[in-house]
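First the structure, which I've put down as C-alpha cells, then a few questions once you've had a look.
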Amino acid sequence: MIHVGLQNVMNGRGLAITIIGMTIVFSGLVAISLFIGQLPNLLKLYDRLTTHKNRQPAPLASEAGEEPAQENEIMTAIGLVVHLELERLTGESQKITISRRPGQGAIWASAGKMRSLSQRSTHA
Amino acid sequence: MDMFAQFLAGTGFASMTWGNAMMIVIGVVFITLAIVKDYEPLLLVPIGFGVVVGNIPLVAGMAIGVYDEGSVLSYIYYGVSQGIFPPLIFLGIGAMTDFSTMLSNPKLILLGAAAQVGIFLTLIGALFLGFTPEEAGAIGIIGGADGPTAIFLASKLAPHLLGPIAIAAYSYMALVPVIQPPIMMLLTTREERLIHMKAPRQVSRRERVIFPIAGFLICALIAPGSMVLIGMLFFGNLLKESLVTDRLANTARNAMIDIVTILLGFSVGASTSADHFLTSQSMLIFGLGALSFCIATAGGILFAKFMNLFLKEKINPLIGAAGVSAVPDSARVVHTVGQREDPTNYLLMHAMAPNVAGVIGSAIAAGVLWTVLVK
Amino acid sequence: MIHVGLQNVMNGRGLAITIIGMTIVFSGLVAISLFIGQLPNLLKLYDRLTTHKNRQPAPLASEAGEEPAQENEIMTAIGLVVHLELERLTGESQKITISRRPGQGAIWASAGKMRSLSQRSTHA
Amino acid sequence: MDMFAQFLAGTGFASMTWGNAMMIVIGVVFITLAIVKDYEPLLLVPIGFGVVVGNIPLVAGMAIGVYDEGSVLSYIYYGVSQGIFPPLIFLGIGAMTDFSTMLSNPKLILLGAAAQVGIFLTLIGALFLGFTPEEAGAIGIIGGADGPTAIFLASKLAPHLLGPIAIAAYSYMALVPVIQPPIMMLLTTREERLIHMKAPRQVSRRERVIFPIAGFLICALIAPGSMVLIGMLFFGNLLKESLVTDRLANTARNAMIDIVTILLGFSVGASTSADHFLTSQSMLIFGLGALSFCIATAGGILFAKFMNLFLKEKINPLIGAAGVSAVPDSARVVHTVGQREDPTNYLLMHAMAPNVAGVIGSAIAAGVLWTVLVK
Amino acid sequence: MDMFAQFLAGTGFASMTWGNAMMIVIGVVFITLAIVKDYEPLLLVPIGFGVVVGNIPLVAGMAIGVYDEGSVLSYIYYGVSQGIFPPLIFLGIGAMTDFSTMLSNPKLILLGAAAQVGIFLTLIGALFLGFTPEEAGAIGIIGGADGPTAIFLASKLAPHLLGPIAIAAYSYMALVPVIQPPIMMLLTTREERLIHMKAPRQVSRRERVIFPIAGFLICALIAPGSMVLIGMLFFGNLLKESLVTDRLANTARNAMIDIVTILLGFSVGASTSADHFLTSQSMLIFGLGALSFCIATAGGILFAKFMNLFLKEKINPLIGAAGVSAVPDSARVVHTVGQREDPTNYLLMHAMAPNVAGVIGSAIAAGVLWTVLVK
Amino acid sequence: MIHVGLQNVMNGRGLAITIIGMTIVFSGLVAISLFIGQLPNLLKLYDRLTTHKNRQPAPLASEAGEEPAQENEIMTAIGLVVHLELERLTGESQKITISRRPGQGAIWASAGKMRSLSQRSTHA
C-alpha cells in the first residue's frame, strides 16, 4: 500500500534535492548571465589589445561580418523588398532556402554551370 | 468455418475495451484541438493520431504494438525509450533559436531560472503522494514545460511512466494560453502590466558565435548531466550562428527535426494503450503536471517582482511567466496579455529572453535530477 | 519432394482464406464507402444542430477554411500566374516550398527580421 | 608473392558465376528500362543498381553483403527485413495522396476491393504448386500491386522469399502499361469504353480531415493486422489535410520518403545475389506474379461491369483496372486507353478513386493474411 | 548536506583533467579555424563542437559519453563505429559530383592513382614505428585525403584508433591550402606551372549515364573490398545523371548527406575524450598523417612530370597535386597556385579530373587494405 | 615494448602490400581510363549498328537529352538570366529546388491543381 505523507518527502530527500537543484539551476544561469553581461567588454578589450600589438583589428567578427556591409546594404534592401513582395503574394508562406556557402562547393556548382553553358553553345 | 469465427474474435470490435474507446476519443480531441484551436498542432496531431493507433485492440500473437518486441512501432519507439529523439529535436531547436534578445538583456535570464521552481516543488508533491524518488523526478520535470526534456528524463528515470508524463507535458504546453493568463492577472497589478521596457541593444555576430560555446561549457561543467540536451541545443545554435554551416543548420531545423517530430509524436501517442495509460498513477501525474505549470508560472512572475525591488529600470513582471519555456507560446501569451492592457506595449521580444533561458534552465534541472536520482 | 495438386490447396485452407479475405476486404471498403457517402449528411446535421443551439455555425471548416477566401482570391490568382510562369521557365520543375504556418514560429521569424532591420540601420 | 595470388583469387573475376553475370545483366536492364522507357524510375534505378552491387562476388571472410552480419548493407537491409521501411513509405504516400475524388464518388471504392481477388486466387495457385501457406500468402500479395505492402507482408510471412517477391512486385508495377491494356480491351466493348462519367462533386475540407481518422478506425477495427500500413497511410494524409502540419507533411513526402526509397530500393536489389535468387521457386513466383496482375485487372473490370447492371449512371468499366493500386500508373493507363477511343474522355480523375481504394484494399488483405497465417 | 558535496564532486570542475582542458581548446581552435579561415567548416564545426562535448568530464555511473553503452551519443556513434555513415556520405557525394571533366580527359585519371602512393608509403612508415599491420593500414589511409574512406577503413581494421585517424584526416584535409603549395613550388619549374591545357571536350549524357555503372563494375571486380564505398559513390552519381531520379539525387545530396554529416562529425569529435585520444600513438599518427599528405602530393606531381615525358600535349604538373582527393579543396589550391604564375590559366576544371579520380583511387586502396589485412 | 625498425616492415609484409596495392589501384584506374577513352567510339559503333538495322538512331541519350534542345534553349537562357539575377540579389545563396519529374506524380499534382481551381470557382 502506498502511504501518502510527509515522511515520503523526507525519505526521498525531497527538500535537499530541491535546494541543490534550484541552487545549481541558478548558478548555471547566473554564470551565463554574468558572462554575457561582460562579453561585450571582453571583446572590446580583446580588440584593443590586438589593435595595439598589430596593425589591424581582430579578424573574427567586426571584419568578416560587417566590413563588406556597405556594398551588401543595397542588396539587402532589394532582397527585403523582393522577400516581402513574395510573402504578400504567397500569403505568409515562407520559402526554405538552403543557401550554399559561396566558397564551399562553388567549384562543383561552376562545373555544372560551365557544362550547361557549353552544352547550349553547341546549339546556338 | 471456425477460421472465420477465429478471425472475428481477432477483430478490434471483439476485444475493444471502454478504456481503449476513451483513449481513442482523447486522441480525436487532441487532433481537433490542434486543428480548430491551433494548439501546438505540430505535436498534438502526431500524438493524437498515435493515441488512436495505439488503442486499437491487438491480435494476440502478432507483433504490432509499441510494446511488442520486433514490431515496427517498437523500433520507432526505441528512439523515445532510449532518449535518442529528444536531443535530436534540441539540435533542430538550437538551429532555429535566436538568442539575441537574451544576449542583449542578460538579467532577464534569471527569470528562466526562477520558473524552474515548479519542477522541484512538484517533485516534493509527487514524493508526498507516494511516488518513488525516480518517479517523482520524472514527474517534476513536467513543470519544465519542455516536451523533449520531459521525455528524455522520463526515459532515464521512470520509463514505465513515460507515456503519461509525455502526454501531460505536451498537453499543458498546448494549453499554455489557457493556463497562464489567470495566474498572470492574479499576481500582477495593472501598473506592473503597463510597464514598458527599453528596446534591446544590438548584438554583434561575435557574441552570437561565442555564446553557444561558452554557454555550453558553463552549463556542462556545472551540471554534466545536462550535457546531452544542452550540448545539442548549443551545437545547433552554433551551426546557425557560425554562418559557415548554413546548409547543416537548415537541414537540422527542417528535414531532420520534422522527421524526428513525426516519429516521436506518433510513437509517444501509440505508447498510451489504455492498459498502460489509464491508471490512477496517470491521473495523479496529470494533476501534478497542472500544478507544476501553475507554480512555474507564478515562480517566474514573482521573481520578476522581486528583482524589481532592486532594479532602477523595472521589468514588466508579465514576462516572468515566459520563464517556463513552452517556446514560443508562453512568450506569445505574455505579449497578448500585455497588449490587452496597452496595445502599444510590445513585450514579445523581451519575453523571448526568459523563454529561451527557461529551456536552458529546465535542461540543467533535468541534468541535476538525472545525476542525483539515477540508480 | 514438393507435390503439386489440389490437396495442397485443401491442406492450406486456401478456399477458406480466400472467402474470408475477400469478405473482409469488401467489408472494410464497403464500410468506408457507406461512411463517406453519409458524411456530407452527417456534417449538415451537425451544422444544423449546432446552429440551432448556439448563435454561430460550426467552427471547423466552413469558417476556418473558407471565410477569408474573398481576400485570398486575388492573391491566389496572382500566385497561380506566377507559379505557371515559373513552371514554364523552369520546364515543369516544381519548387518544394516548406510553407511555415503563419502562427507557429512567426515569433522566431519576426525576431530574425527585427534583427536584420536594426543591423541595417546601423549602416544606413 | 603468394599474397598476390591470394588477392587475385579474391577478385570478382575469379569467383564470378554465370548466375551473378546474369543477375548483373538483369540489373542493367532494369536501369535501362527506367531511363529509356521511364518505367517507375524512382524504384527501378535503385533496385537495378542494387542488383548489380549484390551480385559482385564477395571475398570470403569479409562482411560486405546484405546477408553478412555486421556489414553496412546488412544494417540498411534491416529496415527491409524487419518491415520498417514500408510503413514509412506509406506515411509519405499518405502525405502526397489526395483522396478527394474517392470521397466524392464512394461507390468507386468497391472496384478497389474487387481487384484484390488477384491476391487470393494467386494464393490458391501458390498452394497448388506446393508452396507453404505462409509462402503462398506472401506470393499472393504481389497481386496487390503495391510494393511496400508486398515487402511488408513478405518480411513477416516468408522472409526467405522477400527478394523475388519484391522484385516481382516492382517489375510488374513498372510493366503495368504493358500488362493491363490487352486485358482491358479484351474484357470491355467499345461502347463501354466510350462511357463518359459525371464530374465529381466538390469535397469540403472537413470531409478530407475526418476521412483519414474515420477510415483508419474502420479498417483497423475490421482488420487489426492492417493497422501499421493503414495507420501510417492515413496518418500521413491527416498531416496533409489538417493544413496545420504542412511542414511535417512536406518533409514526409519529400526528404523522408526519398531517403527511405533510396535505402529500400538499393538494399532490396542487393539482396538478390544469384545464389539466393536464381532458384526454381523464384521462377514460379514470377509466373504467379504475372498471373495475379492479370486476375486483379480482370477482377476490377468485371466488377465494374457487374455494378453497371444495377446503376443508372453507368461506370466506365475501364476504371475498374485502376483498382489494382500501382498508383498512379494504372490510373494513367486507364486514361490513355480511354482517350484512344475518345480523346475528349478524361478518365484520369475518376480512375484515381479505385486506384487509391486499391491501396487500402491490398493493405487490408495483407492484414488479413498476416493475421491468419502468422505462426 | 553530503548530497551537495556528492554533487559538487560530480561537477565537471572537480574531475577536469589537463588533457580534457587541452582537448577543449583544440575543439575551440577547430571551430575558430572553420569560421575565421573558412577551412572545411561543414566538417570542422561539428567535429570541433563534438571535441568540446566529448571532453566534459563525465559523472561516474551515468551513460552519457560515446563509449558508454546505452547512451544517446553511443547510438549516434554506432553509425561511425560500424562504418555505416561513410557509405551514406559517399552516396551524397556521388549525387553532387560531376565526372564530366574526368570523362573528357581519361589520361588524367592516372594522376589520381599515383597520389595513392602516399597511403602505402605511410603504411610502411607505420609498420616501421611498430604499429600492427591492421593499424598501419588504417593509418596509411589518411594519405587518401578522404575523410569518409579513412573512417570506414579505420572502423574495420583498427577501431581503437578511429578517433585520431579521423581527426588527422579531416585536419589535414582542412589544411590542404597550407600543406600543398610549398611542395608544388618545390617540385615544379616555372615553365611547367605556366603550361596551358586544352579545353575539355563535350561529354554526352549517354557517357555520363554509362560511366557509373561500368566504373562500378570495373572497380568492384578488381577490388571487391571497395564495393561498398565505390558502390554508393556511383549509385549516387547514377541517381544524378540518369535525370529520371532527380528527386532522389536531390535528397541524397541535401537532407541526407547533411544529416549524416552532422551526426558523423559530432560523434567523431565526441569520441576524442582525452584519455582515449591523448596518447603517444595519436602523436605518431598525426606525424605519419602529415607525411602521407606530403608524399601523396609529391606522388601526383612527379607522376604528371613522368607522363609528360611521353605525351605530346603536356600536362601542367600542378594538377597532379589534385590527385590526393580532398575534393574540391586541392583542385582549388592547384587553380590558385597556377593563377599566381599566370592569371589567365584556368586549371580548375582540369584539376577536377584527378581530384575525383583520387576519390576512386583511395576507395580502391581502402578495399585492398581491408581485404589483405582483415582478420 | 614496441620495437622500431625495418624488421617490423618485413614482418608486416609492408613491401608486398605496397606493391600489390599500387598495382591494383593502377589496374583499376587504368581500366577505367581505357574504358572511358573507348566509350565514345563504342557508342558511335552502337549507333551505326542500330541505324543500319533499323530506321532510327539509338533512343537513349542523343534523342532523349538533346532533341528538344532547340525549344529548351530559349527557356534555358531566360532561366539563366533569372538565376543569375536572383543570385546577385540574394548574395550567392543557391535555392535548392526539388524538381519533380514531369511524368511521375504529375497526376497527383494536377489533382491538387484541379481541386484548387474548382474551389476558387465557387467564390468567383
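Letters are used for the chains, namely A, B, C, D, E and F, taken in the order the chains are written, and counting of residues starts over at 1 for each.
Basically, contacts are C-beta pairs under 8 Å (C-beta built on N, C-alpha and C of every residue); 3 or more make two chains touch, one makes a residue touch a chain.
Predicted model only: the values in this text are computed from it and were never measured.
When every chain is reduced to the mean of its CA atoms, the largest separation from chain B belongs to F.
With every chain reduced to the mean of its CA atoms, the largest distance from chain C is reached by E.
Here chain D and chain E face each other with different sets of residues for the most part; under half of the interface numbers are shared between them. Between C-D and B-E, more C-beta contact pairs are found at C-D. With centres set at the average Cα position, the gap from chain A to chain F is 34 Å. The geometric centre of chain D is 27 Å away from that of chain F, both derived from CA atoms.
Centre-to-centre, using mean CA coordinates, chain B is 44 Å away from chain F.
In chain D, the residues touching two or more other chains are 3, 7, 35, 38, 41-42, 209, 222-223, 243-244, 247, 250-251, 254-255, 368, 372. Of all residues in chain A, those touching 2 or more other chains are 13, 17, 20, 24, 60, 64, 95-101, 104, listed in ascending order. On chain A, the positions that touch chain B within their shared complex are 2-6, 8-9, 11-15, 17-18, 20-22, 24-37, 39-40, 43, 60-62, 64-66, 96-101, 104.
Residues 3, 7, 10-13, 16, 24, 28, 31, 34-35, 38, 41-42, 45-46, 49, 52-53, 56-59, 61-62, 64, 70-73, 75-76, 254-255, 258-259, 261-262, 266 of chain B are the ones that touch chain D when the two sit in their complex. The touching residues of chain D, when paired with chain C in their complex, are 102-103, 106-107, 109-110, 112-113, 116-117, 119-121, 123-124, 127-130, 132-133, 136-137, 204-207, 209-211, 214-215, 218-219, 222-223, 243-244, 246-247, 250-251, 254, 357, 360-361, 364-365, 368-369, 372-373. Within the complex, the chain D residues that touch chain B are 82-84, 87, 91, 209, 213, 216-217, 220-225, 227-228, 231, 234-235, 238-239, 242-245, 247-248, 250-252, 254-256, 368, 370-372, 374.
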